Amino acid sequence: MTIPREKLEDMYRKMALTRAFEETAMRLFSLGKVHGTAHFCIGEEATGTGVCAGIQPQDLIYATHRGHGQSISKGMNVDRMMAEFLGKATGVCKGKGGCMHIADVSAGNLGANGIVGGGIPIAVGAALGTVMQKIDRVVVCFFGDGASNEGTFHESINLASVWKLPIVFACVNNCYGMSMKVTASMNITDIALRASSYGIPGMTVDGNDVLAVYAAAQEAREHASRNGPVLLVLNTYRIMGHSKSDSGAYRTKEEVEEWKRKDPLKRFVSTLLQQGLFTEAEIAGIDAEAAAVIEHAVAYAESSPEPSLDTVEQDVYA
Amino acid sequence: MTIPREKLEDMYRKMALTRAFEETAMRLFSLGKVHGTAHFCIGEEATGTGVCAGIQPQDLIYATHRGHGQSISKGMNVDRMMAEFLGKATGVCKGKGGCMHIADVSAGNLGANGIVGGGIPIAVGAALGTVMQKIDRVVVCFFGDGASNEGTFHESINLASVWKLPIVFACVNNCYGMSMKVTASMNITDIALRASSYGIPGMTVDGNDVLAVYAAAQEAREHASRNGPVLLVLNTYRIMGHSKSDSGAYRTKEEVEEWKRKDPLKRFVSTLLQQGLFTEAEIAGIDAEAAAVIEHAVAYAESSPEPSLDTVEQDVYA
Amino acid sequence: MNEITYAQAIKDAMSEEMRRDPKVFLLGEDIGAYGGAFGVTRGMLEEFGPDRIRDTPISEAAITGAAVGAAMTGMRPIMEIMFSDFITIAMDQLVNQAAKARYQFGGQVSVPMVLRAPEGSGTGAAAQHSQSIEAWILNVPGLKVVAPSTPADAKGLLKASIRDDNPVVFLEQKLLYRKKGPVPDGDVVIPLGKADVNRPGTDISIISYGRMMERCLQAAEELAKDGISAEVMDLRSLRPLDTEAIVSSAIKTGRVLIVHEACRFGGFGGEIAATICDSEAFFYLDAPVRRLAGKDVPIPYNKYLEAGIVPTTEAILAAARDLAK
Amino acid sequence: MNEITYAQAIKDAMSEEMRRDPKVFLLGEDIGAYGGAFGVTRGMLEEFGPDRIRDTPISEAAITGAAVGAAMTGMRPIMEIMFSDFITIAMDQLVNQAAKARYQFGGQVSVPMVLRAPEGSGTGAAAQHSQSIEAWILNVPGLKVVAPSTPADAKGLLKASIRDDNPVVFLEQKLLYRKKGPVPDGDVVIPLGKADVNRPGTDISIISYGRMMERCLQAAEELAKDGISAEVMDLRSLRPLDTEAIVSSAIKTGRVLIVHEACRFGGFGGEIAATICDSEAFFYLDAPVRRLAGKDVPIPYNKYLEAGIVPTTEAILAAARDLAK
């Protein structure tokens, strides 16, 4: 695999930025600066980054409630993202959406969804619009292992398959849907098997290996743009609690620790170092840069005004 | 296969009764005696009869909008069924349900559903109740090829599979969902493939061969009662229009004619005759008996009173 | 001015809009060769082809979501739900997605789609195919809801709905499909949010919409014979609602009878009555604001029972006479 | 009499009923080891085991249908939908199946199930996790709908709901979960359909339910200082509705203010107002029947915006003062 250095650097930068964003977000939470909840993707960064790296700039993504990494990897402005997280007027959704509804249409991110499985049919619609408008574009729809048990998963993939739409169904299997282990929520161990219900290819990849995800995403995109839908399953793990209100009673500390050792950032770094492509100093530089970018975002967000109550009735209707 | 003669006779009787019921119902329609619509299963009789023959008396079925054969085969009283069809007070649903909502709880028929796919989760609930009440019983849930594209199909089978419930999902694939050919509504040719999404067995059988359906249903029931759900696909064909308002513009006459030649009643009769189990006279006797039973049902229904308007507010709440 | 059916008017509106704007397309179950369960789209496949008249599998949530997604990315889908009762299956996509996308994303997107669905009883289709479901979706900011009662309104309001940049639920009236009425020639668009005073009057306001309009007008005709001048108002668009027209009619007559087919309890009649009673009109009321609506039962199959649960012309007449006393 | 939280009261009701009746069981997402998104079922798995406290995959339609089917065949399921907004996904099963089964099958079956779901804004969860959805399901004959405002009511009404032979939607109030209140010891069952006059009064009736009750009572307290005697009524059960209590309070005071958190347009306030204005109480009204409700917008994320769209104590006070003038 010969990936240009800039591409590798960009991928690591996105992962580092995601991690820094979330660690900062958690700090803001503990400082009582956030009203609401958040769903962190720490440990899953290779999925959003690998997939977004493997598609094209004109492609669209539909993100999930656990979508910080997906959004950042698709090129979202973190200042406006952080401002949205803090509910500010300068937020990408003017403070009305919050982190469960991050969207950045200009960057091709059509929005995170608070309804598990709720975004899947919508992504199919965007793929339909793509074909009908004869645009050279693929849609990527992210969703979780838990979401793959919703009826919308089934209806949507079936519909996309009969219409042969250019869409990649990217299932981030982080082993849990809230507290339910994936092995308890379904009777199969490889979610990609479900592709066979729709006569489309299913692919399973190690979701903690960003290079593997990247390669798989490229292949899936290629297939989708020519031959229709692909189900791409990315196996990974959710390190943090489900959301801010999770006591973790449903899993063991050992299990979490085991997966912490598989940290996708560390893993990517060691590959990059081993292959002599980057030096430790260069990596540290990217990390520092990510920290600075996020620091800037926090300053931007914190100094931004709250939205005025006058705006509350705006944008209900177009 | 050594099936007792009475069993064979009972199976043929149910099929003949179903056919007679529907042909009579169509006549009543053309006489303007029916308000509403109906969905006929002519050509599909082997599915309802074969499945109901293969299960036990204590088992429950959930029927579909095309459920005359399912209901009759489960042992429903045709007088009260015909009365319901005509909306009479003596109807099994007191004239409130009509033929889209035929149910006969005393005979283990928990009801037909007007919502495509709407009965599937409910059948799962009955199977859950079965297990929780430690009853020796299996639930059979009928639905169509079209229904297998509804989200409820997916959610329900998945739920039943993780709970290993005693349920047979009986998919009557009659090649069409209203006007949409099954090959256009999904990208696979064997619906039983969908079982693999849930880690349960899928079985496909010639739905015009009542003996094959019977054998498959026995096997499926056996599996369901011990090891959990089975998806049993019965391939057949809808000879009549979808409902009373179908002009048939979406298929060729040749296709229909071809399937008419595969009539499940004729086929069963020729097997019975060939094997020397029944004489032509005996078959004619069963046919005549079926005609008489249905004639009686019509007389019963026609002489029954309309429900009084006083009853209209009854049974909204228990 | 042509006499055409309500179904034809709907088809004409769609066809004209599709000829005008390549972004408009149809999706739904059995809308192609079959022509729709009520024949509304018959012939459209032949004119527009399968790319723009899209038959779908039986998957209401996916169909609705597909419309939302297509609308968010540049298309103007018209989707059909075969019976309004089945909106329940697509309810999340309609209510939590279509209605919310614009607001929750801070105005970044709009969702210009129309969801057409027939409602009402009278066809012997029983509890799951006969409901009038408007109240279930009228408490959802972000949606618009329309329920035309004549071919002319059906055509003009559907054109407005298709051109609207918001999700519009267009509730067709099953029993009106075969009714004929005059429809003006040409590209006539009727703006959403304007009630129509079908018959002006001074003694009592009868406010209704949809299938009940015909009965209200018949009752008004009878009332005239008694010397009672009834004003009959067709709301046409339920959200946005023409509160101004409602309030001024109530002020004028002082007596209001609200009529709808949907079940009474929790029905949209409550909103209309409350609008009047919390307005200036309150001070002009000479009698209680009366609601006449469907009985609070699921729709029964038997035709006498089925007919017996919706307001009849006689019941409207009796209520109006009683009110006007 | 113990001081316990609203969440605890709900858990106690379920636990006591489960001990009493082996047919009662729970199903829903993350109700087991996790204890439910709001901790309501915490500890129940330990007491009752996984057979009766059933964690499900994320499949709201199947969960609801499973409850319907289990209820039709002898069990008494209590199911949880994590946020009331997600009822939309299960809407067909609730509205077309649970509510219709008995009627359309001519009384052959009953569907004794409870669907619990929390509603309301105030948690920073934005448009898809904060709605008050009661109006969407109140126009459905066959369903009952309950919305308790105190721990005591939550317990007593939930017990009644579990023992009811019909599908009951039990709408819990998210922001009340942690609030404490006195709950009588023992097996106290509060019948559905009875409003509670929390505070009797003579000058104005404030009619509300759910989370807004607290604010209505605060406002009444303030009004008393002005010499205005406000009667505050908690409807508790929305269907069946205690119309008698509503009408007689309106007759007594002649001035009515209806308050709810749900969006105003098409909200349940309309039914309450219409009930009054089409009753004998109409003749006793001294002022328009006023509704104070949530703004007609999706729920925004920002906490000031979010707080700004629901009626505040001050707004209730101002409206009441204005009405009582």
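Points worth noting:
A, B, C and D label the chains in the order they appear, each numbered from 1.
In this section, contacts are C-beta pairs under 8 Å (C-beta built on N, C-alpha and C of every residue); 3 or more make two chains touch, one makes a residue touch a chain.
Treat the numbers as computed from the prediction; the structure is a model and nothing was measured.
Of all the chains, the one whose CA centre sits at the greatest distance from that of chain D is B. Chain centres here are Cα means. That of chain A falls 45 Å from that of chain B.
Separating the centre of chain A from that of chain C, both taken as means of CA atoms, is a distance of 40 Å.
Distance from the chain A centre to the chain D centre is 36 Å, each centre being the mean of its Cα atoms. Within chain A, contacts with two or more other chains are made by residues 93, 95-97, 101, 113-115, 118, 149-152, 155, 158, 162, 184-186, 316. In chain D, the residues touching two or more other chains are 56-57, 59, 61-62, 85-86, 89, 92, 96, 103-104, 126-128, 141-142, 296-298, 300-301. Under the stated contact rule, the graph of chain-to-chain touches is complete, every pair of chains being in contact.
Residues of chain D that touch chain B in their complex: 25, 51-52, 54, 56-57, 59, 61-75, 77, 92-93, 96-97, 101-112, 141-142, 144, 165-166.
If you check the complex, the residues on chain D that touch chain C are 85-86, 88-89, 91-92, 94-96, 99-100, 103-104, 126-128, 133, 135-142, 239, 241, 262-263, 265-279, 282-283, 285, 287-291, 296-298, 300-301. Within the complex formed with chain A, the chain B residues making contact are 149-155, 158, 161-162, 184-188, 193-194, 196-200. Listed in rising order, the residues of chain C touching chain B in the complex are 29-30, 32-35, 37, 55-62, 85-86, 89, 123-129, 295-298, 300-306, 308-309. The touching residues of chain B, counted against chain C in their complex, run 34-37, 84, 87-88, 93, 95-98, 100-101, 113-118, 146-147, 149-151, 177-180, 184-186, 245-247, 249-250, 306-307, 309, 311-313, 316.
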